[in-house]
Amino acid sequence: MGLIEVKHLSKNFGSFNAVKDVSFQVNEGDVFGFLGPNGAGKSTTIRCLLSLIRPSGGEIKFFNKSLASHRLEVLAKIGCIIEKPDFYKYLSAQKNLELFARISGKNIEKKQVLEMLDFVGLAGREKDKVSGFSHGMKQRLGIAQTLLHDPEIIILDEPTTGLDPQGIIDVRNLILRLKNERNKTIMLSSHQLSEIEIIANRMVIINQGKTIVEGGVQELLDKQSLNVEITVDRPEVFEALMADKYPLLPVHRLYHSTYYITLETEERNQLTEVMVASGCGVRSIVPKRSLEDFFIKIISS
Amino acid sequence: MLWKNTQNELIKITSKIRSYIGIGALTVLILLVIFAMQADGKTYIGFVTSTFEQTLTFNGNILNGNLIAFIIMQMLIVHVPLLIVLVTGDLLSGELASGTIRMLATKPISRTGIVLSKWFAATIYTLIMTLWMGFLSLFVAHWIFGTGDLMVLNPDGLLILPSDDLLWRFGISMVLAFLALWTVATLSLAFSAFAKNSVGPIVITMAVIILFTIIGTLDVTVFDDLKFYLFTTHMATWRIVFEDPFPTEDILISALVLLGHVVGLLLLAIYRFNRKDINA
Amino acid sequence: MKIVSLVFLLLMFHLVNAQTVTLQGAIDRINTVKDYKADVQVKAAIPFIKIPITKAKVYFKAKNKFKVVSDNIVILPKQGMSDLNEFLVNPKRYTQVPGEYKMLNGLKTQLITLLPSDENSEIILAKVYLSAKEPLIYRTVLTTKSSGTVTIDYEYAESKAFGLPSKMTFYIDVRKFKMPKSVAANIRSTEKQRKTEENQKGSIVIYFSNYQVNKGISDSFFKED
């Protein structure tokens, strides 16, 4: 059974169709990636899911119940951060959480609030006003707010946007902990395929307000070619190897000893072994999967 | 849930500096009037009695706490709404501007519940402002100036009401002043449901009050029929409580008109906010 | 003995009555009052002013000290309270012109016109209606520079021996009322204000009781608070 089922969702703002036809299903225990380029309709869809926006058409179900008719019941089981977590700046972190706890539909003790602040690494800052918090701290406070009432589903809209590299890692780890330790169903939107690839098990990709593809992350990615950036110690050996073994593969030299190659699925597993055996001195192989490329491939296929 | 969110709204109001601007400004204004009256009240009274001074003498404590309270209320009824809308005009739109509305609207509370809890909080804030105005103007003025008969300064003459006939009148006038301010607070809340920042509703509410007041005071026959329907006309009803004979019917009508405005504007705010797409 | 006394009194009364009543007689009575204190009740019917009946205590000390003490706001006429007495008791200030006898509320009175000797006097003209029977003034009509004409009717009871009235009714002219807009801002003025004539007549009735005459009042009492 899908915990979230979206069927043919559409939303018009006047004559502008922000979402035309989006359908997907999130299953229990999924870390579900909601992927699409900027302007694809991700935020609008997520706002529809959280009833911030009234859909123009289609159907949204949570726990097999229509959102339209069971709004409060559904929202009580959801934790979310939309866009960026905004708090009452003039209140402390603890006061903010207490405020949201009071209307979460559950009886949450002060102790639980403090524990949650500790969980997200804000212990000792609970009395500080949010106005003095960095973006990363607000993001962590946002996650605390999301988890406070122990929701069954967590919806995160671009949770790593604007964070520094360490912040991105922290959030990713936190999401994985939520899945593994707390067994939460998580839906997160992103415009970066690499991010979804790391943490999600299922995903949907939308573009121009329409669902393009939905399925398991590995399953979808495995079907596609992979762009890799390869840096070697001995470029002349590498070039000779490529000309000999893979004469049909387009190889672009980016810098002195760095190359950009597009590999088909069957070539991926062999290449590393062949390169090591050739003695070209492999320094790094970095997968470069861009959403745009992925789209082009999917659409063209 | 409604009461819990009302509690939240009250916490927000009491934690914001702007909520105290109103109370602080009100206090300063009232103390200024009291100080001015203490320093130069006799001249002020002279303006009023000058017409009669060649024929009559006015004896007794004219410049008493009751008159000061009356003057303060007369002066402040125009200004207190501004101080109130500073807070109430920000209740919905402020959350939209700061983005906190996303957090609030994704909690298991209905949109109607959000508006109602904000309206309850606005009502309590308005009540506190009214009571504070009443306390300062009546009790502090009495403490400094003592009690006495009230000389009501009407455009067409003077009415002197005995001091033992005043407390209940002040009580009713406070209730009516509250109704007037409540209307303004609900009006700003309704505008707030349409706006995305708090400046708009505050400015528009004040503009409406000023416009309606000007139309109400213009002695032009074209507007005569319109005046009854302007809430600003009824905002000054607290004053006719000090008329003799007591105009029960007029007061009831005005109170009903103001209450009607409150209910109507609240319904408008609820309707608008329920239909609002939160894109912020 | 009692009967002899009674006959004597009646005889004296007849003799007094038979004497010609003069303004000086009235002034003499007034002059016997060095000070007094009395309870008053004031009923005012003045255009543009609505005021309930008020109570007060009034204090007077010759020649012209006058004070009203009340918890209420009390409106009294400006002319005709103490200033008239001050004018009357100083015969140098005016010339008497005795006039004809007139019936006033069933009482025979003589009209005496007083013309001020001083050109700068506030009082331009005073008409006094003196009872033909006893030295008491029953009406004065005062014309002053600033207040126009004030008519005062007097009634006497317990303190008539001092020439002190039990009731005074003032008929006054009130100028057109104009409230400064800044003072009476009324945004509820939906009705057109009624046009008023330039001057309107008003009356103030003062009832005096519990006179305490010549008990002594210190000057300091009359100083402004």
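Some notes on this structure:
We call the chains A, B and C, going by the order they appear; numbering starts again at 1 in every chain.
Note that in this section a residue touches a chain if its C-beta (ideal position, glycine included) is under 8 Å from a C-beta of that chain, and two chains touch if they have at least 3 such contacts.
Remember, predicted model here, so these are calculated numbers, not experimental data.
Comparing mean CA positions across the assembly, the chain most remote from chain A is C. The innermost chain, defined by the distance from its C-alpha mean to the mean of all protein C-alpha atoms, is B. Between the Cα centres of chain B and chain C there is a gap of 48 Å. In whole angstrom, the spacing between the mean C-alpha positions of chain A and chain C is 99. Between chain A and chain B the centroid-to-centroid distance comes to 51 Å (mean Cα coordinates, whole Å). Those residues of chain B lying in contact with chain C across their complex are 44, 47-48, 51-62, 74, 78, 148-149, 151, 153-163, 213, 216-217, 219, 224, 227-228, 232-237, 239-240, 244.
Note for the complex: chain A touches chain B at residues 13, 47, 50-54, 71-73, 75-76, 78, 80, 82-91, 95, 99-100, 102-105, 145.
Within the complex formed with chain A, the chain B residues making contact are 1, 4-5, 7-8, 11-12, 15-17, 98-100, 102-110, 275, 277-279. By the touch criterion stated above, chain C contacts chain B in their complex at residues 46-52, 54, 56, 68, 70-79, 146-148, 150, 172-181, 183-190, 192-194.
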